[in-house]
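What follows are several structures.
Presented sequentially are two complexes of chain A, the first with chain B as partner and the second with chain C.
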Partner chain A sequence: MKEGYELIYQKPSTLLPRRMHYCPGCLHSTLHKLIMEVVEEMGIKEKTIGVSPVGCSVFAYDYMDVDMQQAAHGRAAALATAIKRMHPDKYVFSYQGDGDLAAIGTAETIHACNRGENFTFFFVNNGIYGMTGGQMAPTTLEGQKTSTSPYGRDPKKVGQPLKMAEMVSQLAGVAYSERLSLNTPGNVRKGKKAIRKAFEMQQQGLGTTFLEFASNCPSGWKCSPVESLGWIEKQMSPYFPLGVFKDVTTGVEKCSCADKQAK
Partner chain B sequence: MAAKGFVEISVEGCKGCGLCVHYCPVKCLDLNMADTNSYGLHYAFLKEPDKCIGCANCGVICPDAAITVYRKKN
Partner chain C sequence: MADIKFMKGNEALAEAAIRAGMHAYFGYPITPQSEVVEYLAREEPKHKYVLLQAESEVASANMLYGASGAGARVMTTTSSPGYSLMQEAVSYIACAELPTVFANVQRGGPGLGTIQASQGDYFQAVKGGGHGDYRNIVLAPNSVQEMVDLTVLAFDLADKYRAPALILSDGAIGQMMEKVVLPEQRPYRPPSDYRKEKPWATMGKTADRERNVITSLNIQSEQMEKVNIRLQAKYKEIEEKEVRFEAYHADDAEIVIVAYGVSSRITKKVVDLARAEKLKVGLVRPITLWPFPKKKLDELAKKPSVKFFLSVEMSCGQMVEDVQLVSNGRKPVHFYGRQGGIIPTAEEVLDVIKKHLKEK
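For the complex of A and B:
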């Protein structure tokens, strides 16, 4: 280190010194890093248990230096429920993509939220099935081209994209629901605060905490990493607005599902 | 005058995504197009060290935590 300088940012010690398999610029990596930064700062490495999904982030357990389990496709919320009920004093999270959480695992997701299971969802909404080659997801935008919607998503045939953060915010069991993005340095900093807040609410036993991340898949979207972050801002954010939909600690309760759909 | 900040970028840890280059407010980073790491990727480097202000934007945005940031002590 250079003399006269102080360290202000480095890789968290809780992120294992391995090369993550994600594509360059994939925000899965950023979210892994961020969760581990919070775990390091709160000093809860020995008290945290995560559940990884099926999808690109299936190997999350290889990178995060906390106890982890890997769930069958879509079942992360059921597994996290069991873990949290067995270990109520631990910080438990599920980490899931949109194919996992909002397609094959919709039932597990909704019912865990409705029961108010006291764990945190980290929901990576990149509008596509990344791992399997870019198929349409429940969150694919209207008109968005994917390998299974080559002419663009047609809502008349497959419905409108699901707004999970808004939907779960309407369930009584949910204590905190927010949509964030990690697409700019400022938003990454905000994301970190939200992760910490969710863990603290979990400690207080307030109910389900649900953080959705408007994310990217440069490989599936067939664009550069920098372009993909701009795409989140310009194309995704109008339909998937960032913000808090529910927070029982501040009394916020708002949902924009209805107004968008009504137009 | 010495720069307000400086960064170390892991050559092997970098995937050449270019996000740090894009978000550096003073444009002191760049991808090294003349060389690659062992994965065949053009890695980021501190091209104009005198400009660095130690804001840590690059470190924060780097998905792969390849950047360590230092700031000049007051």
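For the complex of A and C:
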């Protein structure tokens, strides 16, 4: 560093010094950094194993300096289940898009959550299939235009967008479910806190920890990065509200299960 | 002292996996092999393996990928429709080069088919099954004893070649009971104990090495081609070193039957019946379906005394194509098969041989 300068910010040592392939403004890079900052701060680089399935972030292993496995489209939860069961003392996470986690991999997601598999889901909900060029996702908003819903998503034909954080919070195996965003500096700080909390809960063996991030895709949404952040706020947040849906450490349970109500 | 038991094929397979030092079993029930997971569930409290009934065969096969990638010795078992669902993972596993053991206790198809024994999945097992250029090591037991021996071998070959090894059995072998000699229990070592043997596995990056990445993604064409060349070199080595077969009265045979699994038990009897009538019939039984015993069959195809080959299968004719490839027009290659779970009788097969002899 140059003399007279003080280093006040740098990438975590857990993130490899490489140029990322993500489009300008894409929040995948922000989330990568936050997760790796937490891994660095907790000193668990040698105890962390990640899973990145098919989707834009399949290349996460090019950046995250921890042991990683690449999964087939939708199967990250199956891999993470098995890895964690083979190495219960390790921190295991999956990092999945919405097509991956909520369409092709729904069964794996729900069942891992229901079994209370003790790993952390990082679920990037950008409302679109980024990698394949902007097709409709299970989370695409009503009326939202994509290359396979050129006239806007019609719920009569394809159903309403899936609210995964709410859904999984109703499963007994889930210890913590929260929807966050990284669209403002304040939300970035909240996001990092949640990541740390999820890893700490994993260490305590409390069950599945599920963090959904209302995210963006400037390329797929065909708007500027700045516009995309506003879009999260204005268009996504009303349907995908941010907040904790379940947290066994504080007793929060917003979407209680039907069988509990019956009692 | 030998550990001798009277066991069902599926249960013997399960016991062999335990004794081979399996760390984890992931599976989904399907007839005619559910006894495997049931047996493992009963025995679980006595052992340290992880047993998980998954939500589907898609999931269980992908769990194999995850666990194997993390250094564990793993197995799943299924029957035909379930093995179809596993093809995604098998292809990914072949490319990521993960030691994994699969067993397909075949039933009749296509479709939901019948729960009776069949050999209709030969193509799927031997020619790939999933997408891309890859091979599986395919072992075909024809007795309860071989359910044991080949299961242990499958674990070891999978480890040796970092490849999926498939036990291609059938409902008859899976369900029958026979005497078996069981191998000794290998001492338990947790997956984390395999760091040295499996330096590529994702067990947590230690300070003395780069991070490990288990992947089948090779987005650059040059890289993908390199991986394919490496895989093909490995397959060539397996073809050179791992062929296994049994020859029964084959060397002076004029008629050579080729059969595997339950069909080979029937055809062994055919050989005995034929020999009693002074007909020189012999049998070649592939124990490895891939690699296929090409050399042995080639040797026989060269012999002037050999009149024809007869492939006997419980399918509409699948392995027969590999026999034809070896014979390459030198000798006629006939086929006899029954479908739908019907096991041919020895008399039936002998009649077929006599009919072909008259044609000459």
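Here, the second predicted complex is superposed on the first by the 247 of 263 C-alpha atoms of A that agree within 3 Å, B and C clash if a C-alpha of one lies under 4 Å from a C-alpha of the other, contacts with A are read in each partner's own complex, and residues count from 1 in each chain.
In this text, contacts are C-beta pairs under 8 Å (C-beta built on N, C-alpha and C of every residue); 3 or more make two chains touch, one makes a residue touch a chain.
Note that the coordinates shown come from a computational prediction; the quantities given were computed from them, not determined experimentally.
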item	value
Contacts of A:Tyr5 with chain B and chain C, given as first, second, both or neither	first
Contacts of A:Ser224 with chain B and chain C, given as first, second, both or neither	first
Chain B versus chain C as contact partner of A:Lys190, first or second or both or neither	neither
Which superposed partner A:Lys145 touches (first chain B, second chain C, both, neither)	neither
Touching partner for A:Gly25 - first (chain B), second (chain C), both, neither	first
On chain A, positions contacted by chain B and by chain C	none
Footprint of chain C on chain A - complex, ascending	45-49, 51, 58-59, 61, 64-72, 75, 78-83, 85-87, 90, 107-108, 110-111
Chain B-facing residues of chain A, complex	1-2, 4-12, 15, 19-20, 22-30, 33, 184-185, 188-189, 218, 224-226, 229
Contacting residues of chain B [partner chain A, same complex]	2, 5-6, 12-13, 15-19, 22-23, 41, 54, 56-57, 59-73
Chain C residues within the chain A interface of the complex	23-24, 26, 50, 52, 54-56, 58-60, 62-67, 69-72, 74, 88-89, 92, 96, 191-192, 202-207, 211-217
